[in-house]
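In this document, chain identifiers A, B, C, D and E correspond to the written order of the chains, with residue numbering beginning at 1 in each.
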């Protein structure tokens, strides 16, 4: 599981707008990909120096610059300068501990989102911050490291499939957000499967490991919730914005992704409910088990302790114990013991302990 | 119980508006029924090719097309094309994992609802997605499989009973929604009966199976809640809409079905409260039982352990144990043991353990 | 306790507005009482045929028709026809499973409330649905059976006590609502007494019966809450209505009854809080008891098991056990046992188990 | 602790506005104190007949009439008549079970608040209802019994300290409300001290008495909450009112007392949180104790039961038990027993039970 | 941990606006630092008499007066007089038990915040109240004692780094608030580390000390929450204010610090969720342990009690016990005992107790 909380202490005391990378550095080299397209043409390049892709602001075609790696202060500064970004915005991009949010700066809209991966090796959820800047005819996206979620969008642009080549930058931004929200469904599917497995185990054989599993699921969901909850506001803010950057025809697509985000939140809440139910079941099954253990102990002890007492009595060395002299005393004693034992058993059966 | 969460992963990466059926295929063949009526006449047909029922948009009478089975991409496409539906809408119809919602597209209103059945064989609740498109003089309804909930409406149209033949398409849409909400009451009745049975068992003889039953009920309610909660917004949205498709006189009927939906939600919350109370009772009854078991063990052990100790003392083989030489030593020992036992019993009675 | 949920299944499939009585039939014959008054005169009659009381709509004096028994479809139909009531409204009156609500139909206001009785015989709360129709100069009230809550109001009208004879139909409606809300305070008083008794028992001697009692109280409160919660909206809706049927001077009285309803809700929430606290106390007192039982067992066993072991050693039949040959061996053994026992007791005292 | 709920049953059936005293009669004689002041002069009298203080409405100076004891229907009636109070208002004053509220009657504002005392003798919180009527140049305050909370205000008026003599009746009303809210802080201080003591006990030596103490604290807080929660609305209502009775300059003082009331509510919520945490700690410390008891029992039993068994074997009277004939058999047996015991101890140490 | 609640009792009965210091006196001498700057020049002084820094209101440059120590009534009075502060405001500054709040007095804005320190020696969180008065060209800040949080801001002013020297008093106020909010992140980091350590302990070896630790963490979070929750409103109030004291360009900085405050609140809620999960884990791990202890006891007792009984039987002294005479009786008895023991072990293995 990723850390719930990232160290921000190195930022404390610095003036606002100072560019400091907060978070793990997830990629060594910063990679910049440049895509420029309109309905007629399409152009794609890998860029090393960020200046190479300027000036895209003046071109009529849509430009999408995707930057993998956000720790390079120099590149960030250059982009900020060219596009005219507010220093606080750049600071936010580099601080990976941001809450998802949307801010409308007039000339451009700034969006921070969280992308979620399931790391198959470590068996845990990984989180990455994705920032989007939506301008009149460009989108700049910042990722912490190279990912494959946006590949299908690149492919769609290349092949001119769907509406994307015919639409503006706002539709591109929507497509990116949609891809991110879709990635949540994968995480939910996996979490759902885990919950189902856990439920089966809970019924068949609950162990402390099951408990640990439930606890981990719960932490995962707390974590998911923290990342996804603000998403709703973000998308709803984008939908309701009066910015001229969003065309009216994109509204219905935003409403669609908004519905998806609500569905994600709904499912997380449902999962939380289910897990809290599982904890109750776990606790009661432990109680049940202890009860069963106690019953076995009690039955054995309650039957044999009195019998042992009787045996003890006739093991005493008093000079005169009349029963001991009887020829059939031993068998009488055994018989009495058997009777007592049987009475006990009947009593336990009545109590439904057997 | 149906799955809380359906696999959407096959959709990820596809452009929005791509028609993919998500969910179980519940019927093999797609069945299309066509009903056309006004106050004077009535016409009903089973249709195989969807084109056969065009053009209904131009007719003045009300047309109701009901489609059982939503996995056929071709039929969906044709309907979409003829009526002029938005691609996202068709996508939503085919994705059975939608949250109930309402969307006003101007020319038509699009509604997604969940219908609930109680499967008597599997003893579990089944869910089906129903989508409605309400146009000026037509309603198109999509079901996942053939169901009998709408039969009584068909019958009412045939016989011209009630207001239905005299009213427009909006009243028909209301009637369909009303039938769906009514189906929830059946589920609630059944759940209520289960809860009552469970409560009786809880009092008479709580077992781990009871616990499992409570857990299943809880899951059912989490599930019901997820399906029904958004319903309120949907119907309230329909009631408040300023669309010209809804006549004013239909408003009071919508308010009525709105009240029903609130009642459904209220009852679900009440059931949840009751079930959470049942879990507490279960846990305390287990604790009580364990307490009782403990008491029996303690009483037996506490009485006989000291007595056995006394017997053990006089079983020792020391050369000189004066008591052993006494003629009445044995009876004195028995008497002392009896006294100790009786004191113990009095002590337990005082402690209210007996 | 009344059923949380009533069977509505017989209504499913019928067109909206169909008159079907849902609920228990609580009275055999329908009784109709007719009161007509203004400041100057007063007239009261028992009526058998509903037509006999027509036409009251045209009279200037205030008319109050109270109908005990709501299962007679014919009477309902006639009233509906004469006053011009909406079919859905009549359906709601006859369906006793309604949620309290208010609806303004322009010419008349329709109110559904729940009246609560404490049945002394069955020791449980009983519920009855009361519907009110407030017109320009008339009020029609529907009760499920004859009750005495409205008697004091009849008395006040007869004697001309208070403002009632000088005021219009809206004041009469307020008086009826006030009487219903007042009946809740009786239920709360009784519930409060039960809670106090339960608390005393909880401290003095908690048993599984106490638990059952707490559980029943909890159910009662869930039930009360369901009935009373919507009341606030209803009265607030009546207060805020812009209908000309409510005179301005009645506003302050409605605000007063609104405050009462909030107080009822407040008290129910407080009771719920108290009961949830009681359950915690119950559970911990069981744990405490079990702890005490365990301590007794442990003290006895821990003292005597080692001593019995020592006795066992000297009960062995080895040919050569030197201690056994000692003249004072027996007394030495007893002394050692006593020392061990005393050390144990000191240990337990230190642990505060004694 | 005061009763959560007061008997209102004697009021049921009476017409609204009937004056009936509900609650305990806390003082025998009704005491009326009359204070009249402006910046220049000051006058204070004890009055026996209420008429003696009329007519104060026409005087330009501020008049404050404080009435201790609210059960005298006659006095209430006379005041009501002279000032022109609404009958419902008088009813509310005499019914001590009111929820704190504010009502603006145009000519005067009516406020109901709860004053809280800590009764040092009974070690419990006591509650008193205080009603205020704020007119153009007068304030009438009703208390259930003589109290000393308003004394400091009287003193301030006498000495002309602070702003009070220079300000109008609205400032006087504010001062009274402020004094009441200040009295809550005393209760909170005392509750806070109790909680701290309880926490120390919880750590050092939790007993069932601690549990009872926690439970009582919880009840106290439920009770406090019920009294204080509506206060916020009341003061906020007073602050936001557009009544000409409140001068603009008083606004900032009302905001101040509003902030205090929020602080009271905040603190109550914090206390509730802390107490719920304490209950958890209590329960786990009981579990811990039981666990410890169990360990002692298990260690003793597990060590000595097998050893006693061995001793039992060599206590058997079979004719041929070869070990018994060995010269060193006894010592060998003791050695084996010691070895078994030591192995057991090592095992327990590994399990961290020792 | 600091006290949740401070004694206010010494204030009760005093007229509003009376200056009384409530809280611990955290510094002996009051220290006043005076900074005056604009883009061109910079001036810094330590002041002993507060009058020395007057008149700063008329100067065009920005003045920042920081006062460490708030218990000196005289200094407070002088500042209040010179700047024209409302008496209630001064009272609030000196009462360190205030809730964070913002108030707009027109000429100046008054802000109360809480600063949090982690005291490394006492291992607990310490709280300090910071009050800010923002005027047209001045900021006055009040601290309870000397702290180093504002040092970096002084340094920035000295060096002219960042925007601060070029901006007005509102930007200075923002910088101070930002520094305070940043200090929360330090506390959260430390709390986060504690939670992680606690979780590890919980898994490896839960003890009552762990429980105490969880409880302390919970108290810390209750405390943090109380201090931080109102912060959101304060900053949002500052952002939304229409006061001319806040320049438009500062708005985006305020939004930034608003986002930070939401993040702080989010993290606190997440921590609370995690800790409540930890308590559940703790409780179940205790239950698990007890279960394990019980199993050991039960296995030992259940195996040896019957065997000891058999040994007891053959230890009886009856004259005629046929088995005792058999030559191989002893070995037969041992064999039977072994068989019984093995059957028991198989039984436990089946029950998965071994």
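The rule we apply is simple: a residue touches a chain if its C-beta (ideal position, glycine included) is under 8 Å from a C-beta of that chain, and two chains touch if they have at least 3 such contacts.
Just so you know, these numbers come straight off a predicted model, no measurement behind them.
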Inset, instruction - Mind listing the chains that sit against chain D and also against chain E? - result: none
Inset, instruction - Mind listing the chains that sit against chain C and also against chain D? - result: none
Inset, instruction - Determine whether chain A and chain B, two copies of the same sequence, contact each other through the same residue numbers or different ones, counting it as same when over half of the numbers at the interface appear on both sides. - result: different
Inset, instruction - Starting from the mean Cα coordinates of chain B and chain E, work out the distance between those two points in Å. - result: 42
Inset, instruction - Could you put a whole-Å number on the gap between the CA centroids of chain B and chain C? - result: 26
Inset, instruction - Give me the residues of chain C that touch two or more other chains. - result: 283, 287, 290, 294, 297, 301, 305, 308, 312, 315-317, 321
Legend entry - Partner chain E, residues of chain A touching it in the complex: 3-5, 7-9, 11-18, 86, 88, 92, 97-99, 101, 103, 205, 208, 211-212, 215, 218-219, 222-223, 226, 279, 282-283, 286-287, 289-290, 293-294, 296-297, 300-301, 304-305, 307-308, 311-312, 314-317, 321, 323-330, 333-334
Inset, instruction - Report the residues of chain D in contact with chain E in the complex, numbered from low to high. - result: 151-152, 156, 161-164, 175, 178-179, 182-183, 185-186, 188-189, 192, 203, 252-253, 255-256, 259, 262-263, 266-267, 270-271, 273-274, 277, 280-281, 283-285, 287-288, 290-291, 294-295, 297-298, 301-302, 305-306, 308-309, 312-313, 315-321, 352-353
